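Paired with chain B in one complex and with chain C in the other, chain A is shared by the two complexes that follow.
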Partner chain A sequence: MYIQEANHIGIHVPDSDDLGNIFLENKCFLVQEPDYTGIIPSNILRRMGKAVRLGMGVALPIIQKYPVDAIIMGTANGGLEDCIKFLNQIVEFEEGVLTPTNFVQSTPNALAGQLAILTQNHCYNNTHTNNALSFENALIDLKLQFEDHENIQNAIVGAVDEISTYNFTIDCLTGIFIKKDQVAKNWVLENYKGAIAGEGATMFYLTKHSNNTSTIKIKAISVGLLLDEHEISENVKELLLKHQLSVNDIQFISTGRNGDERYQSIYDQVEALFPNAALNHFKSKCAEYKTATGFAVYEAFQTLQKQTKTSHYLIFNTLNQRQSLILIEKESN
Partner chain B sequence: MSQVYVAGFGIVSALGIGAESNLKHLKKGVSGIRKPKYFHSKYAENYHFGEVPFSDEDLIRHLSFGPPENCSRTNILAQLAFEEAIQSAGLSTSELSSFRTGIISSSTVGGMCNTDDLYADANEFQDPSQFIHTYDNANHALELAKKFKIKGFMDVINTACSSSANAIMLGTQLLLSNQLDCVIVGGVDSLAKYTVNGFNSLRILDPAWCKPFDESREGLNLGEGAGYLVLKKSAILEKNTLYVNGYANQNDAFHPSATSEEAHGPILAMQKALVKAELVPNQIDYINAHGTGTPNNDRTELFAFSQVFDGIPPYSSTKSYTGHTLAAAGAIEAIYSLLALRHNETWKALNNPTPIEHFKAQEKDNLQKEIHHVMSNSFGFGGNCSSLIFSKVV
Partner chain C sequence: MSKSREEIALELKQHIVTYLNLLDIKPEEIKNDEPLFGGDLGLDSIDSVELIVMLDREYGIKIKNPTEGRTILNSVDSILDKIQSEN
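Here is the complex of A and B:
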């Protein structure tokens, strides 16, 4: 499948050596939301939680421009801010009379559903909520729909997760994230006891076949579960073998280093397989969230657009006992 | 051409643990909906629920492989149904841990069934509770993958009330595309203050027994449970083998929490599932309807039947037995559809003294004839509408 267009709303990383000021207040990286005027109708914007708003912000400019035969989202948490707001009301008002807005907005499929409503789109519509593989599963889903349904020729696929006070708190308690007062500029290489949290929304317009506008192709998506370090390296080699590529055919390697000491040796190992590839640490620009590989593919798309020769871009990520590889190919012009 | 067949299944619902217990109650026409014993909520006093009639401790005693590491009710229910599914399919441990075996599960509430603990944890009012790892929507599936060493593939879907129908569809497609040899698909949800208050705020709960497809229906009863199917693929299927024959996922594109009067989504889902199965509408012997018992759903679904079928086939909603089990409903009702096929019977529609009159069709009780093709509908918030067709090899 081919990437035709990509949109991203992400965190703001200031161009200075000291990121201290941002951290003192939030202890994580927050998105810089755009002005949605002209993108999202104001009457529905008011009711939207952050995750739905971000998703809409990246999806609507695409979905209004092209035919869409499938809407598939990956989100680990959906609208968690709304979810806990509703939860707080349940407990604090002792299960009294509540308004349903937060409840309806909190369901993870609210974004895919809203997109269908706003564009009157009756097509295939799915939402994956498999933690750090949510976005990868959305891509695999689309691949299956392309294979199985002749009439599905294109789709919008998204990766959206917000950071709310509540999921930040819970994910700090479970050890996924860490609260730091300040971080160094190259924090992804640090040995913290957790990752630095971020959030973001990325949306892709994908087509089954190539056309004149794009020759950038998602060639393979490989997901792993509960693998040990040895099996992970083997998986990388297997993926290359399957596609008749050698390590030297990979011009770009982008890995999900996130500052968490527990993952450093896995990333060391995978990166060491590609000594000649240009190395990128995508989370230094989007920080950690469970659908961050959406941003990694967005970056790959930007990078590969500038290439004129056949090039391969490999993304490797691991988090929460899950691993993924996404191989993207630019066919020569 | 290869077909995806059902090698086994497991179920836990208000009708009990296991397919046998569920079938027994269906045959007797006894609903599992009552005032709850174990679920704590303000609404537990006066409202009716499809509660699984066991405490967490008793449920754990029914497990063959020991309790899940993170022991929420959702995770226990999931493991119970999962164990029965793999045992009835006779899956060996090596088959389970093959890289060609996967799991696709689904849940809407996940670990949020412990609503009060989540409240305290999220607001840091206490030291982390024992449920801290369970709040993630995918935790129940990760627990299953860890316990049964499933390494081939894992996915979790959340399309609200159609979630596990979509898990069944996606699993079927993975097999047909030859990515896997075996996939365990389904879903789980347990009763939670979260969903009870959510549905109550939408004013679609009937405090008394729900009355699907009845003129006087007022709303749904929430239920809990889990259902898993073991799917495999084969070119040659023996007589009486049950298989996934058709499926479709479409969107109603009307309202976040209601279906359209024109029933765009339900009509499209049923029509496309029929096309996929290469069946004409009158070949469907029975429809296990979504039939929640809300004024909106049942009217829409009946209208959709009238548009898809020349003469509406016998249909009923088994939610009058189990309540609405949300993400688990698609899988639980798929299993009831499979039981209908296997035993050539359907069961009495409960609480249905005055069927909706506007349409000519009537619910037909206790259908007893050779059943070849069953349709199972699941419609959810976000306009998500899915329709599945199960068939039996003749």
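Here is the complex of A and C:
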């Protein structure tokens, strides 16, 4: 799968110790949404929740430029804010008359559906909602589509998740996120009792074959569940071996450290496998959300575009007892 | 003291803007005799259901007959007629 183009709307982390009023007020990193004028028609925009707006904002500039044979999204929660509004209405109005907009927008596949309707694209359309592996499963889906269907030669694949008041509160109670008044500049290395929450949307245009404009490909995706530290290390080695690579062939390692003390030893162990690779902590720029690996691939694409010789970029992430590895390769020019 | 037709009209327009989340339109910009559907507002069938829900919740008016609904939802004036006839 070759990455031809990538687009991202995400949080802005100030490059200083002062994280600004946005963080102090909300205790999490919220996206500063762009002006969608000229991207999303206003009569459609008015019905959209944040997740759908973000997804459309990154997808439409791509989908309007290229032929698309498949639309595949990964989102853990979809438009959860609208979903909660809809559920609250059921209670408030005692299962009486309900407004349709919140219902229409509340399903996780609202984004993929809206993209298809707006562009009149009736191709393969799927949305994966598998917690912290949603984006990875979307990529695996496309890999299978490329292998099984000759008519699918290109696709748009996305990773989108929003923070809603409801899920932020619930996820803080369950210990996934933590509310802090202030965090250290290198907060991903801290030992907090939870992660600092963020949100974002990333979209990729992927093709089955290479062309003249891109030689950057997603070479392998590996997902795991309930693995211990030893099994994770073995998985990394197995993945490399399967592709005739050694740890010394990996020039860039990007891990999902998120400041949560429960994951630090796992990341320590994986990072220690690559003493010679350039180390990146992608969540220091996107914070924690369940499809944050979309941003990690976006960063990898940006980094590998600058390389002139064959390079390998490995992304490792773990959250909620789920683990993933994404291996990206830049072929020499 | 009961509200004047103008006061009810402004309140109704505020509800329309809120329920339909009309981003670029202020309540006072909606003309009383302007067709709500097929005109500049760009409303569609989902909006008609939103308006039916709004009338139920805000004014206790239940529209069950589609033919009657089409007439009532024609414009702000026609909705005002229905609201005033119910009170």
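In this section, the second predicted complex is superposed on the first by the 330 of 333 C-alpha atoms of A that agree within 3 Å, B and C clash if a C-alpha of one lies under 4 Å from a C-alpha of the other, contacts with A are read in each partner's own complex, and residues count from 1 in each chain.
Assume contacts are C-beta pairs under 8 Å (C-beta built on N, C-alpha and C of every residue); 3 or more make two chains touch, one makes a residue touch a chain.
Remember, it's a predicted structure, so these values are computed and weren't measured experimentally.
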Inset, instruction - Scan A:E261 for contacts with chain B and chain C and give back first, second, both or neither. - result: neither
Inset, instruction - May I ask you to decide whether A:G78 touches chain B, chain C, both, or neither, giving the answer as first, second, both or neither? - result: first
Legend entry - Superposition-derived comparison: chain B or chain C, residues of chain A touched: B
Inset, instruction - Could you tell me if A:S42 is touching chain B, chain C, both of them or neither one (first, second, both, neither)? - result: second
Inset, instruction - Please work out whether A:L98 is in contact with chain B alone, chain C alone, both, or neither, and reply first, second, both or neither. - result: both
Inset, instruction - Using the superposition on A, tell me which residues of chain A are in contact with chain B and, in the other complex, with chain C. - result: 97-100, 104
Inset, instruction - Please give the residue numbers of chain C that touch chain A in the complex, ascending. - result: 19-24, 42, 44, 46, 49-50, 52-53, 56-57
Inset, instruction - Spell out the part of chain B that touches chain A in their complex, as residue ranges. - result: 41-43, 108, 112, 115-116, 118-119, 121-124, 128, 132-133, 135-138, 141-142, 145-146, 149-160, 166, 170, 173-174, 176-177, 193-194, 196-198, 200-202, 249-257, 264-265, 268, 380-384
Inset, instruction - Spell out the residues on chain A that touch chain C in their complex, using ranges where they run on. - result: 42-43, 45-47, 93, 96-101, 104
Inset, instruction - Spell out the part of chain A that touches chain B in their complex, as residue ranges. - result: 71, 76-78, 83-84, 86-91, 94-95, 97-100, 103-104, 107-110, 112-114, 116-117, 119-131, 133-134, 137, 140-141, 144-145, 147-148, 166-167, 169-170, 173-174, 223-227, 320-322
